[in-house]
Each structure stands twice: as structure tokens, then as C-alpha cells.
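Structures incoming, each one as C-alpha cells.
Shared between the two complexes below is subunit A, which pairs with subunit B and subunit C, respectively.
Let's turn to the complex of A and B:
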């Protein structure tokens, strides 16, 4: 794992459908300046910049790090652009942390964003590959069959997804940066919305958001302010077309979790992790990932959701921030999970703070549930 | 820093046209070749570079995992940059000390799209892209700012194509003519892969190519903010990588246009005796997103072959050499 690494600054923009008042550069700079302010630093104190976003077709700007170098104060420094599908925000955090852990830099700025209002993500995900057959289904159409298979295997009752949709939006009401803030959100409201991809209803899916998230990462000798210490980092990938791959409970997710828990010395995640920020873009992914990440036995995840264990006042809070279901600037969504985990162990999560959180998990996944990025952060130095 | 060495390099026999192979099909034999050359089947870390816009669809790197046979699941990442930057990420990862091997690859097919127009989409989408300047126009501005001597540039093209003809992996391009002056790198399909090792594993290889320095720097995007006749970021990266600390037998430069060679030669302070782009360089084969990685591979191969003792490799990204990476490879630590 290399040298110690800490999160010393976090900046987010208020997630919303359209940020028409800023350019892409303005959006990422807003998040970066807030992260620097949190760390009590300026661009001059930064050694390198790592930027991540989901496919370039989402905004129609190819390799935008070239254009964004100026706005992020990267001129004269190394700059990297990460792209690992939906997990990219998480991977961006890990590539930044790696530069500290490898002893290459003292302070790294990581930024991830999406400005979905400048294009159409479902179109960009459905274009016809010149070399392959295209499913032309977008993300919801791709994942719905996996959810139905989960329901079949586990025997979970139909309303579990609804419970997650309500719980995460209730949490979002406590997060000033959240996109979907729906007063009076309840099961009846979710169940009254149209069915998009059986069994996913409109309010069981994530919104399309504009937004950026930034973090300042530091080596031990360069820490300012209140740090969240990185206790473990891991990424895993598996091939999308491998025959026999379990897309409901992917091996890559299990292996990634086992790796990051080993580094952080965690043997019982449900008890030892105080709060988890997990990539749940469709409501049913909460019970599915509860199992994949070892918080529940196979086919038992939905029982934790049903019993309220994952609520803000439950014994294992998941997505206290409102999660991806409440804010989804796609490329940034993974980094937001990592950042929210860090906010929790720094005790700076405000109204959605989990009391006494000392250890937190940040999680992201992408592609056909085949790319995974995770980290464990803690209030204590590892 | 921890010692890291390149021990295997492979590339496709690049083509100037679509041969019908998919990107994963281009990659498969190259990955197998570096596995055989390195004697390694599995790697502590894998990283790749590619660009969705070449195929005009998202996630070009997703199906590449099928050519790796990434099972059980692997520790893997991807940069939407040339494979040379993926190599940098892998080098950083090897610095952690807990793993000793990494696989790096890059691939691209430019035969099925219009590269010059695609590169326009890399510009500031509000103020520059709408102007419609394509890649050639930008390069023209830089060539003009440099005030390069036409005869010198013609000689660079002639030399590059002649060297390319002796390189079985490069295109077989004729001497330049007024109709085919060759100052822009040709449209090319191809892929490349490199294996890095560190720690005790290095001892398994009789003649590793040590990476004694590697660094990269970006500079402002707006051409008006830069002196296009020079490359400050290339000079900074070269200095950080320690280019000037010893003699240089060979330099493999990511020159997508002939006028970039004198700019980079100055930025690196290359002595007169340095052989530049003996592979033919990008002017003889330019599989975009693999071209920079191939520069590192070609430079490393000369160390592995024992035909060079110290070599410099360069990769670039962004319009007019905006972002430059420099690696120094050596037969000795």
C-alpha cells in the first residue's frame, strides 16, 4: 500500500439537472477551489492533478483534460485523465492516492465531473459500436434483468427497491449538495411513478446531474487541517463477455472488497464499518451490494434493507448522503462516494453525519457491473 | 524511487487501412507475445490507454478486457490517454512496493474515422472547437511559429520513411513527393504492449531496460498562452526525468508532424550524435493511443537488444505538444 495518504480537502458543487451558469471548466474549478479552501491551500500547493469522467461522448469533448488544464491550475504540472466507466470517480481517487502512496508527490488534486446537460448520456451509451453488436438499451435496460434475477434467487419481496428509493431520498434532504430533494417522499410516491425497466420505476433510478467533486490528497508530511486517512485501496476488473460470469454477484466486487478489507484489517464489515457510501444507481443495487460486499449473507441482503439497518439511524448506515439515487453526475458519482466517506470520518458531514463514524467505505462500480473501485478511510492514522 | 524495468515489448504490424480486425483482435496477439517474452501470465497491475472517439462509441477499453482473459478478476485501470501515460500510472503503482509486475497496453484504429476532424473535438468546446480548426491547421500554426526550414523538415520525413521501410512493424511508405509530402503522421491501425517488472523479479531477466527517470508535464491549452516555437513542458519533463545526466544513444520521439522534431530536440538538449526515431517514428506509423507507448517500447527494445545503453522516449497529448511525457531508459541502474 506504500506511504500514508490522507484526504485533507473536499469540494462539491450543488448537484442539479442543468448548471447553465457555468462552463465545464467553471464547474470543475468551483469544486477544486472548494476542496483547496477546505484544505487551506491554493493551486500553488498542488504537485499534480488527476481528472476523471465517464465517456467523452457524454459532453462531446474528446480527452477534455487538455482543455481543463488551465482551469485546474495544472499548467507546468503532471496531469492524468482516468476513465474506467461508471467506477471512474472511484478510480480517479485511487490514481490520485497512488501518486502519494508511491512517494511520487506530496499533494495531489483529484477532480471528477459530468455535465450531463450538455449531451445525452443514454444516447451516448447506446450508439452502435462499429465492431460489435449493440444492445441499444442504456444502463437501465442493461441492469434490469440482473435485478430480476436477484429477486428470483433471493425471493426478495417486490417492495424492497421502493424502501431504498425512499430511504436515500430522505437522507438527501439532509445533504445540501444533493440533486433530488423531494419533501414528503414516501413509498406511495415512488410506487405512483412510471415503470421504466421492470422492476425499476422512475423514482427507483438515479437522476441525470451536472456536478463536480474534488479532493486534495496529501502525504503524511504535507497534511493540513483535519485528515481522513486512507486505510486501503483496491480495484478489480473482469471481462464483460465471459461466459459463466455472475453478473448479479460479481466475483470482481467480492475480490475487490476482500482486498480492501485485508489492507484495512476488517474482518466483519457490517460491524467494523461505521458508514458506507456505495454506488447504488438503481434502488435494488443496495441489497445486491450488501451481499457482494459481505455485509449480508447471499440472498439475505434485502432483509437488512427491510429491517431499516441501512437507514441513517440503522446499525449499518448506507448512503447517508442520499447516494447516487439522489445525485448522479456520472463521472463524479464514484468520487462523491469516496469523498462522502472521508467527510464522515472527518466528522464534517453536517446534518447527515453518522454519529461517531471512525471507519467508512467508499465504493464505485461500472461497465456491465465488471469494474470496481473501493477505499476504506478512517479517522485514525493506519 | 524503486527500480522498475521494461522486460518485454510487442506491437502489431501496423496497417494504413482497416483489415477488419476489431480492437480486441488487434490486441490479442500482442498481449500473448509479451506474455511469452516476459514469461509472465499474470500481472500485479494492468493499465491501458485508448480513446473512445476513434471508434465513435463509449468504452473502447471494456471489450479489450476480453482479449486479456481477465479471469480471475484483475487489478486494472485505464486512462483516456496514450498508452505511455498508462505506463506512467503502472510505474507509479509499482512504487508502492507490494507488487512486482505490470502489463501496459494501448491501441487505436484511425482508419475507420476522420482523425483530423475528431481531434478538433479535443479543443475548448465553447471558444475553440466551434472555429473548426482541425489538427492540421493547429500543427500548421506551430510549424509557422517555429519558422522551421523546409529542407530540414523534408529531410526528416525522408529519413523517417526510409527507417520505417526497414522496420517490419511500420508502414511501407515511399520517399516523399510534392503530392505526398509526409509531414503529417499517416493514418494507422495498431496496438502495443509492454511488461514492467520491479523488485526481485528484475533478476530473472538478463538485460532489463531500467526506467531511470520518467516524468510528464502539461501546459496551457490556449495556443495564445504558449510560445509555440518551443516546448516548455517537454523541457521540464526532460529535466525531471534526468535526460541530461548522461549520453543518449537513441531518442524515440512522438512526432506527429515533422516540425515537432526540432522543437523536441531543442527541448531535450539532444546532442548531435543521438539517433532520432530509428524505428521510423510516428511519421512511419501512427496508431493513435499506442504511438507514445511504442516510442517507449522501441527505446526499451534497443536496450534489451544491447544496441543502445541509454535511450530517451517521448510521448505527447493535446494540440501542439501541449502535454509531454519523457522516460529515460538505461541498461544500468
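Let's turn to the complex of A and C:
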């Protein structure tokens, strides 16, 4: 795993449908400056900058990293851009960490963002190429069949997705940065919303958000403030057209989890991980990823959700921040998971703090569930 | 009985009434003609815009100090005019607004050309749109307009797309009413659509195979979100594992109500008439149920 790496600063913007008061540069700077302030540093103290975001077609800014370099204090410094679809936020954090772990840099600023209000993600994801029969179904239409297959295989009752939709939005009410804040959210409210891509209801999907998240990562010798220590990092991908690919329980996700647990010395994730921030853009992905990440046996994940184990006061809280279901600036969503995991072990998560959290998982996935990025962070030095 | 007699009667003083401005209003209008907005200071150092000869609170005379304000200001209150009348300052919908110009302590009533009531809000920043020909009247400011907060950035990329060897071969099959697949000898897997490299092992695929136009729906979604480029909702997009293939195709399911589609349902491609076929996937209208018993699904 290389040299020790710590998260020493975290900055987020308040996620919302439209941040029309700032430019893209202004948005990323807001997160970056908050992360630097948290670390007690300035741009001068940063050796390199890593930027992540989802497809350029979302904002129509080609190579935004070139445009944003000086906005993020990267003039005269190494900077690079990462892109692994929806998992990009996580991958961005991991690329930044690898620059520390590899001994290349002492302090790295990682920033990820999306300003979805500048266009429409479903339009950008459904480009209608010639020669193909495009059905224009967007992300929800893509993932709905896999959710249906999970429901069939596991025999999970229909209301499990509703429970997650309610639980994550209740958590969001405790997170000042969360986008969707729905006082009085309950099952009846979720169940009264229409099926968009059956079996996915409107309130079982993530919102479209504008927002940015930033972190300052440091080598052991360059730590300031209160660190969250990186205990394991892993990325995996798998071919989307692989014959017999299990889209419900992808091999790439299982392998990625096994790798990150091995590095962090985790053998029983449900018991040893105090809080997990997992990329759940559609509510049913909570039980699916509970199984994929080894928190539950195959076809049993929904039972943890149903029993309330993943609630803020459950034995294995998932998405205490409200998760992707409550805030989804796509390119930033993975980094937010990683940052929220770090906030928890630093004891700085505020009202949604899981009491005594010492070990946390940050997780992201992207594309057709074919890219995975994960890290384990801890309050203690590895 | 009401009288049916009626006649129009106009009262208009020939040439229009005059108004002596006095020194304070006169200064304000003179500055307006020069493209500036001024207010007047009161004894207690407040700035009245538009200026008055007296402090409206105390009745005391104002000072003789004039200060330039604005030209930008902030909307305090507003009301939307959806159907402008003949004498209204704009011929399209607009807002009357109380605008507090920067540096002023009072608000000025004027017109805001915002395009849409959704663009109006208390706190909206606005600036004057001046007339080119000014004569020293409040209408020398045609109206106020919101500050620039957004621009439209048209981006257009135009490509020439060629399907390439493998997809062309597949489309030739589709034109002839068959689905062509590639068989990887190393992995012993059959890929649809036809391809010439294996996504698993990376080796060249040498063998072309024809697979059936029948298959099994492994899973599906019912799409209820309308999109001008998509089929009419509700439509079913399904993963269909063609008989003889190892990878599913995503395709439309038709000739069956959406809620009667099942996982495991047996389906067959519905081809458009031979005369209408081209080198395109649109040769397959959709997949329709065959009526056979459902297939057993793996777990």
C-alpha cells in the first residue's frame, strides 16, 4: 500500500438543483477553499491537484481540467483529470491518495464536481448513435431491469426500496449540505410517487444536483489538524459485454471489496466497519450492495435493510449523510462518499455523526455497474 | 329603458399640460438626460431617489447636495403585468417594481423587463436600459433589466460515423432477417451482436454464427418517462437472451401490454417487411411473445 496517507481537509458545497450564483470555477473553488481552511492551509501548501468529473457532455465544457487549473491554484504544479463515469469521484480520491502513498507528493488537493443544471444528464447519456436501436432510457431505465432481477432472485418484498428511500432522506435532514430535505418523509409519501422506470419510483431515485467536494490528502510528515487515515484503497473494472456477467452482483465489485478489506485487515465488514457511505443512486442498490460488499449473504441483503440495521441508529449504518439518494452532483458523488467516511472517523460529521465511528468505508460505482472504487479510512494510524 | 345613445368624448389639452420642475426635480431630469441618476441628501444624510424639495418625513427642506446613485439597483417589491395596456411603457409582459438604486435610501418605481414572472424576485439586481434619444423625462430610462447571470453556450460537434467491419456484418444479417453472432473459440462464448474480438480474453473471434430470432426475456423495465426520441410510454425495454447466444440484447418488447411482460417470457423478433429493410436495427420492430411456456431462469 506504500506510504501512509491521511485526509486532513474536507470541503463541500450545499448541494442543490441549480447553483446559478456561481460559475463552474466558482463552484469548485468554494469546495477547495473550504477543504484548505479545514486543513489550515492555502493553495501554496499544495503540491498537485487532481480533478474528477463525469462526461464532458454534461456541461459541454471540453477538457474542464485545463480551464480549472488556475482556479484551483494548480499553476506551475502537476494536475490531472480522472474520469471513470459515476465512480469518478471515488477514483479521483484514490488517484490523489496514490500520489501520496507512492511518495510522489506530500500534499494533494482532490476536487470533483458536477453542475448538472447546465444541461440534462439523460440527454447526455442517450446520444442516439446511428446504427443502434436507442431506447433513450437514461440511467434509471438502464438499472431498473437489474433491480427487477434482484427482486426476483432474492424474493425481497416490494417495500424494501421504499424503506431505503425514507431512511436516507431522514438522514439528509441531519446533513446541512444535503440537497433533498423532505420534512415528514415516510413510506406513504414515497409510495404515492409514480413509477418512472418500473420497478423504480420517483422518490426512489437520486436528484439532479449542482455541487463540488474537495479533500486535502497528506503524507504522514505533512499532516495538519485532525487526520483520517487511509487503511486501504482499491479500484476494479469489468467488461460490460462479458458473457454471463452478473449485473446484479458484479464480480468487479466483489473483487474490489475483497482487495480493500484485505489491505485494511477486515474479515467481517458488517461488524468491523462502523459506518459506510455507499453509492446508492436508486434505493434498491442498498440491499444489492450489502450483498456485493459482503455485509450480507447473497439474497439476504434486504433483510438487514428491513430490520433497520442500516439506519443511523442501526448496527451497521449506511449513508448517514443521506447518500446519493439525497444529493447527486454526479462527478462529485463518489468523492462525497469518501469524504463523508473520513468526516465520520474524524468525528466531524455533526448531527449525522455515528457515535464512536473508528473505521469507515467509502464506495462508488459507475458506468453500467462496471467501475468500482473503494477506500477504508480509520481514526487510527494503520 | 336604458338609453342606447353613446358617444366618445375626449378631453386633451392641446399640446399637453406643462410642469415646471423646480430646482430639485429639474436637476434630476437634467442628469437623466445626460444618462446619470442623482438623488438629493436630506439634513439627516439620507439620499432620496427620486429627489424631492423637502424631506417627506419632517417637511424640512433638503440640502443642496446631489449625489450620483446606481445605476444598478435591487428590486424590493414587484407586480407582474401579464397583458400590457396601450399606454403601458412596454408592449410585452413586464413588472412594475420598487427599485432601490445603489446608494439610495428610498425606492424608485419603474419597469423591469424580465421576460417571465419566474425571473422576478425580491433582491433581483437590475440596471437601467437607457434610450438613445433622451429628453429629460423618467422614461429616458426605457426600463430596468436584470443583470447578466447566465449566458447560453451553443456547442455542436458533428461526426461522420462508420459502423466498422463487425457492426456492418451484423447489420447485413439484420437486413437479411437473421442475427449474426461471433463465437470465441478460446472462451466458447457466443456474442451478439457479431464482433471480432472477445471482451473476455481479447483474442480475435474467427467464427461467425447465426443465432435464432427467438429468445427469452431475462429481465426488463417498464419505462413511463416520455421523451420525444423514445417510443411512446409505457414501453418495455428488455434484456433478451437469443437462443444460442451467451450475451443478451436490449430491445423493445411489443404486441403485449406492458404489465403482462414477464421474466422468462419467450419472444420472437418482429421484422419489418423485406422491401423496407435497410442496414439498420430499425429492421427489427420489436420482440413479441411467442406463446410458448416461460423458460426457467437461472439463479
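Basically, the second predicted complex is superposed on the first by the 375 of 382 C-alpha atoms of A that agree within 3 Å, B and C clash if a C-alpha of one lies under 4 Å from a C-alpha of the other, contacts with A are read in each partner's own complex, and residues count from 1 in each chain.
Keep in mind that, in the parts below, contacts are C-beta pairs under 8 Å (C-beta built on N, C-alpha and C of every residue); 3 or more make two chains touch, one makes a residue touch a chain.
Since the model is a prediction, treat every value here as computed from it, not as a measurement.
After overlaying the two complexes on the shared chain, residue contacts for A:24 are found with subunit B alone; subunit C is out of touch. In the superposition on chain A, A:239 makes contact with both subunit B and subunit C.
Using the contact criterion defined above for the overlaid structures, shared-chain residue A:70 touches subunit B, although it does not reach subunit C. Contacts of A:10 after superposition: neither subunit B nor subunit C is touched. After overlaying the two complexes on the shared chain, residue contacts for A:103 are found with subunit B alone; subunit C is out of touch. By the touch criterion defined above, A:60 reaches both subunit B and subunit C.
Once the two complexes are overlaid on the shared chain, A:197 sits against subunit C while remaining clear of subunit B.
In the superposed pair of complexes, A:141 makes contact with subunit C only, with no contact to subunit B. Of the two partners subunit B and subunit C, more subunit A residues are in touch with B. Applying the stated contact rule after C-alpha superposition, one finds that A:255 touches subunit B and leaves subunit C untouched. According to the touch criterion, the shared surface of subunit A, contacted by subunit B in one complex and subunit C in the other, consists of residues 60, 128-132, 239-242.
Residue ranges of subunit A in contact with subunit C, taken from their complex: 20-21, 60, 122, 126, 128-138, 140-141, 144-146, 148-149, 152-153, 194-200, 239-244.
Considering their complex, residues 149-150, 153, 155, 161, 163, 167, 171, 187, 189-191, 195, 199-200, 218-225, 227, 229-231, 234-235, 237-239, 246-247, 250-252, 258, 263, 279-282, 284, 297, 299 of subunit C touch subunit A. Put simply, subunit B touches subunit A in their complex at residues 1, 22-23, 46, 51-53, 55-59, 61-63, 65-66, 68-81, 85, 88-89, 92-98, 112, 118-119, 121-126, 128-129, 215-222, 225, 232-233, 236, 317-319, 322-323.
Interface residues of subunit A facing subunit B in the complex, by the touch rule stated above, are 1-2, 23-25, 54-57, 59-70, 74-85, 91, 94-95, 98-99, 101-104, 118, 124-125, 127-132, 234-242, 250-252, 255-256, 259, 367-368, 370-372.
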